[in-house]
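Sharing a structure here in structure tokens format.
Chain lettering (A, B, C, D, E and F) follows the sequence in which the chains are written, and residue indices restart at 1 in each chain.
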Amino acid sequence: MNKKISAVYPGSFDPPTNGHLDIVNKSSCLFSKIIVAVTDNINKKYTFSLHKRVDLLQKSTKHLKNIRVVSFSGLLADYLGKINSFILIRGLRALSDFEYEFQLALMNRKLNKRIETIFLIPDQSYAFLSSSMVKEVAMLGGDTADFVPSCVEEELKKHFANLSKFHCEK
Amino acid sequence: MNKKISAVYPGSFDPPTNGHLDIVNKSSCLFSKIIVAVTDNINKKYTFSLHKRVDLLQKSTKHLKNIRVVSFSGLLADYLGKINSFILIRGLRALSDFEYEFQLALMNRKLNKRIETIFLIPDQSYAFLSSSMVKEVAMLGGDTADFVPSCVEEELKKHFANLSKFHCEK
Amino acid sequence: MNKKISAVYPGSFDPPTNGHLDIVNKSSCLFSKIIVAVTDNINKKYTFSLHKRVDLLQKSTKHLKNIRVVSFSGLLADYLGKINSFILIRGLRALSDFEYEFQLALMNRKLNKRIETIFLIPDQSYAFLSSSMVKEVAMLGGDTADFVPSCVEEELKKHFANLSKFHCEK
Amino acid sequence: MNKKISAVYPGSFDPPTNGHLDIVNKSSCLFSKIIVAVTDNINKKYTFSLHKRVDLLQKSTKHLKNIRVVSFSGLLADYLGKINSFILIRGLRALSDFEYEFQLALMNRKLNKRIETIFLIPDQSYAFLSSSMVKEVAMLGGDTADFVPSCVEEELKKHFANLSKFHCEK
Amino acid sequence: MNKKISAVYPGSFDPPTNGHLDIVNKSSCLFSKIIVAVTDNINKKYTFSLHKRVDLLQKSTKHLKNIRVVSFSGLLADYLGKINSFILIRGLRALSDFEYEFQLALMNRKLNKRIETIFLIPDQSYAFLSSSMVKEVAMLGGDTADFVPSCVEEELKKHFANLSKFHCEK
Amino acid sequence: MNKKISAVYPGSFDPPTNGHLDIVNKSSCLFSKIIVAVTDNINKKYTFSLHKRVDLLQKSTKHLKNIRVVSFSGLLADYLGKINSFILIRGLRALSDFEYEFQLALMNRKLNKRIETIFLIPDQSYAFLSSSMVKEVAMLGGDTADFVPSCVEEELKKHFANLSKFHCEK
């Protein structure tokens, strides 16, 4: 029996970290195709624009053949139905919001019982990494080279340089 | 020995979900009278007005004889003293903020040592339900019929239809 | 509406601690009658005999009018059906096995859907107390006066005095 | 790109429950082949023999074409190397030992960095199920029809009938 | 071997509670000097000004000889490097955000591997205390005398009296 | 103010792992003297004798000047009183029994209010390490060189070689 299974890795990726990319890497070995789906929720405030987040993910995953980066708005369960792919991939850090991830997985299964969520564990060296913590470090002038790919590092520097300029002008 | 004990089930109920109503149902079998106390905290932003939240709870619990829906502002511990009822009821989902609930229960006991918090477990099918997750689904156009009573479903549709109209006008 | 509701507080109470008795006290104010049900599972090894555990609970709760101490073997869900009482009381310490308690509550509800488990929080000063920790302290010659009623303290001393005698004889 | 990926679902399955079988079912849709690997650790005491546990799993999964049930002793990481399959599947219940599972996954990755553990969530109705809880219910004479396949139910009855016979003979 | 070790206790202290002061007290016995470092993050909204928070801490700790209260902005890891002190002290409540604290400790160790975080447990009577819960109680007119030193209590009253005046004027 | 503070690091160390030794290392920088106190509880079964466990710790820590390895039986709180040292050190892994450690810390503080427990976080690479997991790996013939010092590795091999010899003889 041969299988051509695609799986979806959804997230806001604001910005993508090495932890996210580790999950993308691991996933690309497990399934025929991985769709990295960047969410755009009108009620959320993002640090980076949807366009920029998609762009950074594309740059950071271009060495992998079976990855496609897309964006979507609306209900994830609806999007999965539209593209006829029902496997969700999520990273699960020992130190992350396990309960929230569980709630989400059950809600998605309830919205469409074909949806299966698969949890992968990123390398232990990323156990403490989150987009928000990386932004906090960057904002305070810390070095983020160990935490994000270089294209993201540049954007973080640019973003927070602008921010502090605005602050100075006040 | 006969007991006529009333208990208070406090919450913001923004909006009430089937999980909340399951707790109301269970509580109504345990105590002589249940006071569902809708909080109104001036520092919080609610999706539905206090009036609407009380109204939705009244409609959803009208089949139960020993339920009264009230609203209150100020300190819960003070309100309990005023109505001379010291039993608090809270639902505890396996996947919910257990630690926050615990903190709250201990703080209330500290504010008035007569206050006893009782935790009930909603049916497993509601383990992933929360008001905010239901609103997220409704906002993105998902079906909430399984998660809330029909009067709440209508209000959710109305609310988010208006919201998207405003967004379109932009 | 008047309610005459009895509730069951099951446990192995090997031995009863001040934390258990705090839960008994709190429960006796909430329900018309509390049945403290001491389990006797042939596959478990207890430090104190069933007879002794029942006796210690009776002595420690004799100031409360609406408490009855019983023992039972077999399935708790069956026992509840036999006595027609479907409310279970369990203490929930911030530092205790929350997950196990949850599992048990769901299993019992599955075995008989009328069974409702109610969780109460013991006073914060008992947050670290467990029967096994108390036995550990007693075995090592520590003072347990703050942790158990005096009749239990005596039994602990007697038990571990005998034990060390046997050890010396070797 | 086509993928023929096999994955290993290890466990003691003492006995297999509906929760285990739900994970087998879900896994069989995700990968080309699932190897259910029954552990046999000389230091552990099992209720059912290795032969019986393998047999019960084979009977319970015979409707699935891509499942093979095997037994193994020794280090799981070594076994995976021998069969050249590096994907481990584990069920993760909201109410289960998350931390232990995490520890195991990290240890296995350390022993062989090619080993990837994938966590799946069983249906919510199995959230409270574990082999040991099922055995506890069966031992106390409770009905396990909802928790295990019928072939396991029979074995549980047989096992605990024998056990009580021995007890009576004493 | 003699040791003159200083340690840093960072936090926003908005406002300081008796739980914070308990940690300061315990720390002052462990190390030669404790630097209480009040954070000032331009992206956060504080209830009390940096000046006020430093002032309240100084008043509340003046009975301790080896305490210095300072403020800092920027990356904590950089600040520690500047003052050449690499021991961080954090309180860990049974009911607090354990996972966040862990994440922070690992991030700081990553930013500078000399940084060691030490966790202390405040007295059980402070297990439920947090700055935000204290503010909630004060805002709703509750008594905070048991939760904060008297100088903080006064400030809370002043702050929320002003707030409600503004609300009335609307 | 100069401080000459000794701290006690208690445990069963059966056997010591690299995680334990990391905590010893970190502690030796924080305090003037570290007493590694090996417990010997007559009710527990150890894999290695008390003599062997003390010996392995002494060999593994001989490069550190301010470490002393001792053994003790009886109540830890009593032992601390005898040597007049009231600081306990414990390692806290993200993936370990946090709740048990907390319970123990509170019990010890209750037994003697001068006892303060300090938690340190071992390096992330040891997050999954425990004595029992190391023994499991060794017993199954796995390589433990990354997990324990070489003197412990040898003992593990010797121990489990003997064990399997006995098994073969059956």
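As a convention for this text, a residue touches a chain if its C-beta (ideal position, glycine included) is under 8 Å from a C-beta of that chain, and two chains touch if they have at least 3 such contacts.
Computed from a prediction, not measured in an experiment: that's the story for all the values here.
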**Request:** Starting from the Cα centroid of chain B, hunt down the chain whose centroid lies farthest away.
**Result:** F
**Asked** If you tally the C-beta contacts for A-F and for A-E, which one comes out higher?
**Response** A-E
**Request:** Can you check how far apart chain C and chain E are, centre to centre, with Cα atoms defining each centre and the answer in Å?
**Result:** 40
**Message:** Centroid of chain B to centroid of chain C, CA atoms only: how many Å?
**Reply:** 32
**Complete:** Multi-partner residues in chain C (2 or more other chains touched) are 94-95, 99, 102, 106, 124, 127-128
**Request:** Can you identify all of the chain pairs that touch?
**Result:** A-B, A-D, A-E, A-F, B-C, B-D, B-E, C-D, C-E, C-F, D-F, E-F
**Message:** Going by the contact rule set out above, which residues of chain B touch chain C in the complex?
**Reply:** 1-5, 26, 29-33, 65-66, 87, 92, 94, 98-99, 102, 105-106, 109, 116-121, 124
**Request:** Could you pull out which chain A residues touch chain E in their complex?
**Result:** 95-97, 127-128, 130, 133, 137, 139-143, 146, 167
**chain C residues within the chain D interface of the complex** = 41-43, 73-75, 77-78, 99, 102-104, 106-107, 110-111
**Prompt:** Which of the residues in chain B end up touching chain D in this complex?
**Reply:** 94-95, 124-125, 127-128
